[in-house]
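Chain naming follows the written order as A, B, C, D, E, F, G and H, and within any one chain the residues start at number 1.
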């Protein structure tokens, strides 16, 4: 009897604090699977954001640096520049990346910093209890959008497609959007992560994988409903796939 | 009169509503109140705790560090309550989930099978109400005379039909001690 | 007609009091432990067709406040410790441009990300200007939900009266706890006096253009402007000092504490009385202006002071400055989100008194 | 010519989200009626023999509570 | 003898502090010409940025609000929301808008705030003496890019096309790029400004006019050379024209 | 082998000293009056194949410093007053995560945008933690270009030794003026001791993963962590106090001043001597830890103090706290970018002494 | 059938950038040899009679120092 | 010996280089020096000013508020210098641009037609060097003995050919007072 799907080595075997059905857990595992596969556990550094994944340093069994809310790409820029032969992963939520950290992600991407962004888009502020995020869909309810996100009357703005925004910048080389709503999409997401990590090891410029991820707690849904909602509501607005791929590999 | 209560239970057990309703009723009875809920470092699915004080005078610290009464809704909450319980204080234990009582011999332990009683009344979710009835009877701090009116403002219209059930749970709680 | 007593969280009471004070625009960014405040504003400001914006960051939020204040509107932002740090540049600008506004800090424990439990470690930042340059602004510290509502309401008036920001410095406990509260009566923003210095509404008047700025590139002009502002500060110091005293006359030892820790000390005073020990409590309500005169008077009477803070010792410096060597000033602090108990504070007082 | 596999659920790590339950192509799982010590009702591989080692349960599990062996 | 090209009423008749040949002067005049034409001098508010135009409150004869560096759109958001029937102009340099104020411009634009941005792109930090701006061209020298902007080796990033970036956002209705290098382009720029201002008066969402503008001092060129460089080097990279126009007018 | 004396601007001397101290990464954002520092770094760090990044903002810059420091590298940022305000959250984080780094504030006059002329109005912000929570860090105030270079060089060592940020608090005059300077000798960053706690370079070792964080969600753990840090602060207070005294023994009145204003006071002391009046100068070099013990000793000798600042009065509070009522503490300040003259400061001293 | 115009240069406001000089289609301007009180050498409408009132000088002038009348 | 000099002139007149070269030479002669340039509020095209001190002892305030010597390079600088000039101090005036001397009778005014002299030597841009020669002669504070060496490090190689011209200007300045 051979273990074919087992606990990745670089993920610590402890119970996480994430809610049942939370996408962060799947994404953590995918990162570790790829890290293990590439054999870089002992030269990986993850930047933990302020958000539900603030606790990620409990789970990832490699070095970590926890920076202020939204400044994850600024921190990652420096870490990668100081440790150019390390795998540097910049893990961010949608509040962290697309609200308070807008300037930092845009400029790190534009500079073509050679780390990899993992962008967990759950269309909500998870950690703080369900406020509207820049990626919250129109009409979606949040504690700060009690009648649903309303771009017109209340001037709450439109959901931002981050990959598409970053694709306009000269420094970005690889931008893909995956989802953890189904086994098939999880497999694809893993491939995107792997491509991005490999590109980083080759020293190619900025790559990021955006991942649509359920937050059952703040969406006030059961885990099953939440993954269904990712499929029914998020994916239509946030198309999956490689939004930009100008890696050398692809060029060949 | 000042009654300081420390309440603890599992996330979904309604400890927070219990505390809120308790102080709401107390306020309606003319008392000063403070209610301070707090969670452990674990945000998700941890233990819900509350410091609850009702008094006929201005309340000093809202933090209950030496409770006159403790409410223990589940097993995990027991050690926490045992740590803070005041010598000679009351500890009301939900014996449906906490099987072996407390090791603190210096407190007055009272067992109420809240979940069982609630289930019997018709809804296991109102175990917290059973507990509140018991607390009212045991401490005498809050009569709960205004509870029905309070529940009307507390619940949305659509849920007013559950008020009799809640009131029944209170009575059952009272009766159980 | 006074409202009836309601049971409210401190965060919600602050929000509702702001609305009643005529706050026309709220700008905030989520952060624990003040999220209920923002959520309350989201719902109720929108319902009233006033302005609520969840800003992209605290930096944006404070600058939106700056913009709204520049038009003369009553406006507010709220946050907690790390978010307040991000607002420091904007606060310095608002002070430099003499803009009234209300800032709420429901403080947590630091430094850095720290924890989300209550803290009083932002005293220096709040009272000394965490931002750059010479400035102060009003800082009020409520001890209860009732006072949180009352002081917030008043903060809007004080800000307008003195043309400066007024801050409510609460902590996570004040924000999260529920108490009974009678809310102040509602004011229609339209009924508030117009501000002649504000930007906008020039049409139909014959006034010159109004310029809201903190920029003075000729040093002598900037200096004069600062000196003028400090004269105003002197007036504020004369007019707006607020504090509460409990048993200070009889006391052998007086606690000095604000907000949550003052209630812990009050409990210790009461417990002591039962033991026949006379303790007192001096509670600054206005942290700036600090009630230094009254403290100096008490010091002159030969009292000992024990400052109790949920920090490693910050307000204690103001107590020392007020007392100026005329009395012993001791310190007891807990930090990191730990709230001291009445028992431990009493024990410390007894240790000092040897009783 | 389907593979044969064996799913293993770590009851204590399982948070009862039941994403594995819904994504198993051969309906291997039921929901356990006994909660674990956290109060969650774990997935229960009631029909393990139907397992084709597709890995879906492992893939969707946010808590690495489901692992799969190949027989 | 009729004055056909004379000093605009809403521009004060005083000597500016700008360097000889600086584009800010032309842009100031254009704004005031349109303000005068629309007759809104007494209900206009300009947001002055931190940059060479910090002194703009000396020149514009209408109300002004001076905000911290980069936060101009945040300030403008609030001013416009409080004064919805006023003309609110958010004047920004490229350091102000595209570096420190990246998050503020993106989110104000995305919220569809109903003010008008005037974005003076002179590819340099003027006020502080010639540092690299986000819009500095590749190879262009600056005090902080002493060997020229180098996106690859030094990782200084690529020049950002702001209109194109903002065009991806749901809240933007009108984005145009003009230039003050020649009489013809100055005339066109004036038209863009007028369109944007008129749209604002109609209450339509976010509009911005980017204007390529010479900074002879920090480019270390004579004024004539500087306008030539705008034409020869800037315009090819920053194409002129209406980058996005979804105004109701246009829709008709 | 000592370098020969060079003529340099303060800003450039700071930059060169940092490079010689082994600074591997510099992150900054333009602001007057420190632009020559950033420009110098741009050229010379790139020439040396070290890291220079013009960040998108001061907020990004301080967080890049945080990142670089987390890997154990010597790193620095510089700015001026408004930019420093924006860095406060990051500084609080760096202190909370115990990260060594060097921060330079070439201060201007505030508040708000204020002016670009020299100022000392950022004393509170620098010494009291303008950011949130309980923390301090080392603050050194040079009076000359030579000292700017020396203290910067030393700041890197102190930061590493105590695992905390060390700040150089200069002002626009120190930054802009040229003086002769002998630069400290260059160190190879590769020769510096490795930091076992840092992130990275785990391969080939058997250590556990290192986590750099300021987050402690259990209050008691956060408290313990803070207390441990404050114990370190106590050691710093014992070991790192620096000051200079001129004629304090004979003086009837002692100026207390740092940086630029201390040189003005020195001039007044010299002028007074010619008039037969004995004045002294006490110059804190380390603003944190503040040289309070020595001031208390001088106070005990019955000296009067006149604190002279280019602000409305900030360090004077530390002087009062040190002296604790044992001596008279007076204040003379100019602000807004005005530098007081030796003549006016002397006149003030004579007015006080009635001579 | 060109218009006829008259350019007027405000010597004191002119900063001598000479953008007007190069953009005048009829070469109306020379550079004045006497500086103004700021030390700038203003534009001088040496051949004003050639002006066709095109407005270019006004349009390019960063200092509104050039104004144009229609004759 | 301490010589405090206040220098003022129009932006392009080389006041800053004058000050820098002055202190550079002084440093090479073993003196302590400080040089602090500052501009008015107008960043563009304003008056350039500098506080320049050379001394054989530690220098106190780098700000020259009571100058031993003033250098007036153009007309606009005259009132500024007149305001600060020390009673009994020296004021060297560039009489090529400042026609009517100073109204301050209590200072020792010395006129040097710097621009005219410079033009005669061959380059109007070295009027500042003429002034420096005069300053050296009048104050005796700095001999300028090392100037030639200093200029070699100050100018890039390509401009070394102008050094003799500069030295000639110094001599002419000396000779003019």
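Keep in mind that, in the parts below, a residue touches a chain if its C-beta (ideal position, glycine included) is under 8 Å from a C-beta of that chain, and two chains touch if they have at least 3 such contacts.
Bear in mind that the values here come from a model prediction, so they are computed numbers and not experimental data.
Between chain B and chain G, the least number of touching-chain steps is 3. Among the remaining chains, the Cα-based centre furthest from that of chain F is the centre of D. Between the CA-based centres of chain A and chain D the separation comes to 26 Å, rounded to the whole angstrom. Per-chain CA centroids place chain D at a distance of 59 Å from chain E. Centroids built from CA atoms put chain E at 34 Å from chain A.
Across the assembly, chain F contributes residues 53, 56-57, 59, 82, 89, 93, 97, 112-113, 115, 117, 213-215, 217-218 that each touch 2 or more other chains.
Across the assembly, chain B contributes residues 41, 45 that each touch 2 or more other chains.
Among the residues of chain A, those in touch with two or more other chains are 18-19, 54, 66, 68, 81, 99-100, 102-103, 106-107, 111, 127, 134, 155-156.
Against chain B, the residues of chain C that register as touching in their complex are 5, 7, 115, 117, 173, 176-180, 260, 263-264, 266-270, 339, 341-343.
Considering their complex, residues 50, 54, 66, 68-70, 95, 99-100, 102, 125, 127-129, 131-132, 134, 143-147, 154-156 of chain E touch chain F. Touching chain A in their complex are the following residues of chain F: 24-25, 27, 51, 53, 55-57, 59-61, 63-68, 70-71, 73, 75, 89-90, 93, 97, 199-205, 209-215.
Within the complex, the chain F residues that touch chain E are 29-32, 35, 38-39, 42-43, 46, 52-54, 56-58, 82, 112-113. The touching residues of chain C, counted against chain F in their complex, run 59, 81-82, 84-86, 88-89, 92-97, 107, 109-117, 119, 121-122, 124-125, 128-135, 213-227, 230, 311-312, 314, 317, 320-321, 323-326, 334-338.
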